[in-house]
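We call the chains A, B, C, D and E, going by the order they appear; numbering starts again at 1 in every chain.
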Amino acid sequence: MINWHTCFFLLFATITCAFAVAVVVSANVVRMAVCLIASLAAVSGLYFLAAADFVAAMQLMIYVGGTLVLLVFGVMLTARGPFVSMKITPANWLMAGLAGGALLILLLCAATSVDAWKTAAVAASAPAAEGGHTVAPIGMALLGIRVDALEQANPALRGGIAGYLLPFEIVSVHLLVVLVGAAHLARARRRRRPAEAVPDASRSA
Amino acid sequence: MEVGLILDKLKQRFGERILGADLEAADPSIEIAPAALAEVARILRDDPPLRFDYLHCITGVDYVQPDAKKAKSFPWEVHFELLYHLSSMAHRHRLVLRIKLPRWQGGVEGQLPEVPTVSHLWRTADWHEREVFDLSGVRFAGHPDLRRILCPEDWQGHPLRKDYKTAEEYHGIRTR
Amino acid sequence: MPLLNQPVSLSHYLLVGAILFACGIVCMATKRNAIGVLMGVELVLNGAAVNFVAFSAPFLRGDAELALGLDGHLMTLFVIVLAAAEAAVALAIALCYYNTHATIDVDQGDELRG
Amino acid sequence: MPVERVDPELVEFDVRTDEMLINMGPQHPSTHGVLRLVLRTDGEVVSSAAPHIGYLHRCAEKIGENVSPRQWIPYTDRMDYLAGMNMNLGWAMTVEKLMDLEVSEKTRHLRVIVCELNRIASHLVAAGTYGLDLGSFTPFLYCFREREKILNLFEAVCGARLTYSYIAPGGLIADLPPGWLEACERCLGELQAVVPELHAMLTSNEIFIRRTAGVGVLSPEMAIDYGCSGPVLRGSGVKWDLRRDGQPPVARMYEDYRFEVIAQVDGSYPRDQEYPPVPPEAVVGDCWHRFYVRMLEVVQSIGLVRQAIEHYRRSAGPVSEPIKITQKLPRGEAYLETEAPKGQMGFLVVGDGTAIPWRVRARSSCFCNLSVLTEISRGCLLADIPAILGSLDIVLGEIDR
Amino acid sequence: MIAEYLTTRFGLPEWLACGGVALVQCLILLGIMMFAAALFTWMERKVAGRIQDRLGPTRVGGRFGWLQSVADGVKLLAKEDLIPGEADGLLFRLAPYVSFCAAFCVYLALPFSNGWVAQHLNVGVFFIVAIAGLEVFGVILGGYSSASKWSLYGAMREAAQVVSYEVPLGLCVVIPVMVAGTLDLVAIGNMQRGWGVNWLVFHNPFLFITFFIYALCTLASTNRAPFDLAEAESELVAGFLTEYSGFRWSVFFMAEYGSMYAMSGLGAILFLGGWHGPIPLAEMLGLSYANHAVLGWLGDLLGAGNFLCKAFLGVAAMMWLRWTLPRLRIDQVMTTCLKYCVPLAAAMFVGTMLWTYALPGGLLPRSTPLGAVAEAPPWTAPRAARGERP
């Protein structure tokens, strides 16, 4: 049955996969970056379809809007002359293709191995169109309160469900450390050119 | 300070190398030997009573009459002259330094006459000397970057020389 | 291709995740440009994140009670955030490498000298 | 007051990028003509800026050797085409000096009127385009609106709005048309009201101050060393104005006028009128001061024109007639600098006894002012280059001649 | 809603009904955006003209130069379409559309009135901020692919600027969200109904300051003067636009105006009461769904007018600033962001947090946030809340 969920899923899935392949195939690093942007933006569309609206917005905001801009920035800083597109030997391609292909087949087999995974429980369009309303529960979960699992029937699952306060804190500290580290790493060695080492009168004025 | 006094002072110090002076003209001038330029200029700039701290202009004047018919009535002897207009903001006096050069070094056509640079004394001389080199064709020995400044780098000849002939074309562009 | 005739289910999402993952692996293996390698890593991470999100949606699968629910979303969020951190550090390393070696080719970075 | 200066050494610890050579110009919106700057940049930091000039070279000096002094007047118009009157004046007075000519009192005052008006017009263009260089479009039009009124006055005097050829050696080509003085006074009144507006939009605007204060600092020693003159020199705190300190012909022209030479001496500007305060960030010799000096000179010039109108009204007799085209020049040479809006404009004329000068030389103030650019822009940011260049207020017609 | 109606009334298949509605909505939004761009082009000229003591366009299309934008459009279409020889042709062609699409997608989640939104997202705020941030890619691509150093400079500046300003912008957006307790723009808008004092900007002093920080960050993230460093015509010739001409240039231009309007609209919803005027006219006149569907619709229409006016005024303020202020320098732009905006926004965040903790309802009695959601017109509420089974 064709419905809008299917339709959009196919659209986003095609964009995602096609541009992911384009990232691999493209030799020009700038085009790779563009393809990656398109691919990851489409992934956020998939998240919307899977009723993960908050995650989707975050994917757009942090991943596409932040990380990838950073990446493109890096590309622009380093992409000049010979580094824009670098040749790859066929042997390299072959090896990588074999490894990737094998992995892909394995994953595909795994993905289609469970029957329950192949049957959607309900007409998928309905919850997706509603959006997930996951913002508040996610916020509470990050504070250590699982409002979504209060009526969890399965005691095993209920027992395994815990708040995410500690990981949240760890991640935030981690981020801070990472940012400081990155800022430190990116410092270039200070260069002195004789022409500029001479203080000119205008600066001392 | 009066130009006469400046002249006396310079004569005391440089003697022979001060070749003459014209104190009556509207702009009194002192003529010096080309080789002495750098030293004289340094004294003019640094000597406290003189303190010529401001170089207004460097001018090259070509005295030659290329037209043979008019050459008879030409009022000057054939030579090349450099004029340095100096003044002192501190003492409010001014002076023209005059340097007479042969039109060509050693009389060989195409060999530019040479004088020492003063660009290390007055930074403004840097561009002015480049301009004189470019348009009048004088080589300033010791100039850090003596390139053409107004004409293109590959221009032929020095346009403000009186015997300058415009080339027929420049990079395929007709110039007449 | 029976999957194409069915309504979208978990397997479909897993397929997309698998393709992303495989593309990422191949990208990491083949690119000589350090930033290209970084892009491969991003693809791999996204492949994983797609799986997480898919597993957490109860309406995509027959056994809805087994869905990950919010945990999947939260894991994805952590993946996104950590990917940002990873990209920042990796990019800093790449720039540092570029500054010291004047190249971005990872194949030439085979010495242990800064 | 320590000023935050962009020091190349401090900035360079940032992510290093490759050095890049950029051509700024000859077609660039803020090079004020066909100037080419070759910038060596490291990211946003400019490590050196080398001006390349000559794109507007029209062999004015060579032409001067082939025409008579009267005929060369239009060529002087085209040097600093924003201040044609002052260019005319410089050349006319140089020839007068060579020929030992005196002009009548009325001529003298009329010359002051038009030259000071033209100084105002030129400074208005400088202020307006400076706003443009800093990304503010509106002051530009305000300035041009006022300049337009002055150009209207000039048009009434000599029929031209840009290339006047009004002042000629020996005198002026015409006296004022009837009613002109009243129109001029009206114009001055309107102008006086606009100056505070410009101060509000630029001089005391916070962003403007941030963009200009402490940028492109030119020390007084360096300014003299480089032969800078005009507002660039005075902006560095050197109280030097040829209208007061010039050679006798120039100083005599302004001898019974009261005006202040605008320069910050001992930490303060002349206080004859209400001026906006100097911001604490500004350093003497920076772009802000150069701009400020121009704005204050506009006010001074308004006063000068008012005085000149009074003098003109009181002086009797006709204005002096200019020399004939065939007038023979005496043998000899004369060099004279006048205070043009952009700085000291010098002319040298060598006469050989015929009507055609043997040699003509124009010493351009902008030429010297521009040469200092490399020095004061070292280590600045890319965005400071237009700010510095604009504060030098160059006109390529005068630099390239 | 309309799709449901079409399905039930005319028996259209669901996909067709939904598709048709979506298409119509897109076209309407595109029309709004294009019209806004055209209007603002004209308005910018008029505003600039008036500020600069001149008339602006007066001739094209009658007295006020109404048709100036059309004339501009025709001119731009007729212009020669240049692509530099060294440029990366594909990316060069693609870049303007990336910018335009990002600007357009913002409108998908922007409510124009109570429930008048193409796609009602309950993460609407984040979605808009995220999508608006994507516009930078078009600029970066355009700058990079032009193969001109000036363009590259523009692109680099844009990248640095937008990424930096995303942080304070995000913080500023989060503050009203925190007060409202929801990311749903419709709910946030509905919270502020009543008299003008109910607007979030007047909720507490911190939010009042936040509004101005938001306005500043909006200027920076939409590349408007005094933050138009990516274009910076006096420094970078035209920045990333240097090599663009004709139609592609105008697409960038439309994207700029589109996102200006969208960001003003977002500000209007987050701070200035959205579609609620300073005086609750709709309530006074009884224009609500409780009385009659048509009356309710009229009330919404009034709201839409309110909203458009507010966003319009925001754009007018942007123009006013553009024609008044000089441009900042890149280091000052970054300093403004990192030294002032970010700490200030963070402080406002903490301040608002403490304020809402101490005075949960604000100074004035108001409905609680969650109550406001429930009070929204029935069809804007989630289906589950209406007691329907999916």
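What to note about this one:
In this text, contacts are C-beta pairs under 8 Å (C-beta built on N, C-alpha and C of every residue); 3 or more make two chains touch, one makes a residue touch a chain.
The structure displayed is predicted, hence computed values, not measured ones.
By the touching criterion, once subunit D is set aside and every other chain stays in place, the chains split into these groups: A, C, E | B.
Geometrically, the chain at the heart of the complex, using CA-atom means, is E. Distance between Cα centroids is largest for the pairing of subunit C with B. The chain with its CA mean position farthest from that of subunit A is B. Centre to centre, using the average C-alpha position, subunit C and subunit E are separated by 32 Å. For the pair subunit A and subunit E, the distance between mean C-alpha positions equals 26 Å.
Separation between the centroids of subunit A and subunit D, computed from CA atoms only, is 59 Å. With centres set at the average Cα position, the gap from subunit B to subunit D is 26 Å. Across the assembly, subunit A contributes residues 3, 54, 58, 66, 68, 70, 73, 77, 122, 126-127, 186, 188 that each touch 2 or more other chains. For subunit C, the set of residues touching two or more other chains reads 95, 99. For subunit B, the set of residues touching two or more other chains is empty. Within the complex, the subunit B residues that touch subunit D are 25-27, 53-57, 59, 61-63, 75-76, 83, 85, 89, 92, 94, 96, 122-124, 126-128, 131, 135, 148-152, 159-160. Across the interface of their complex, subunit E is touched by residues 2-4, 7, 28, 30-31, 34, 37, 41, 53-54, 56-58, 60-61, 64-66, 68-70, 72-73, 76, 122, 126-127, 130-131, 133, 135 of subunit A. Those residues of subunit E whose C-beta lies close enough to touch subunit D in the complex are 48, 51-54, 149-150, 153, 156-157, 225-226, 228-229, 232-237, 323-332. Interface residues of subunit D facing subunit B in the complex, by the touch rule stated above, are 53-54, 57, 59, 61-62, 65, 97-98, 100, 222, 224-227, 238, 240, 245, 247, 331-335, 337, 344, 346, 348, 350, 352-353, 358-359, 361, 363, 367-368, 371-372, 375, 400-401.
Those residues of subunit E lying in contact with subunit A across their complex are 14-15, 18-19, 88, 90-91, 94, 120-123, 126-127, 129-131, 133-134, 136-137, 140-141, 144-145, 152, 155-156, 159-160, 162-163, 166, 170, 182-183, 382-384, 390.
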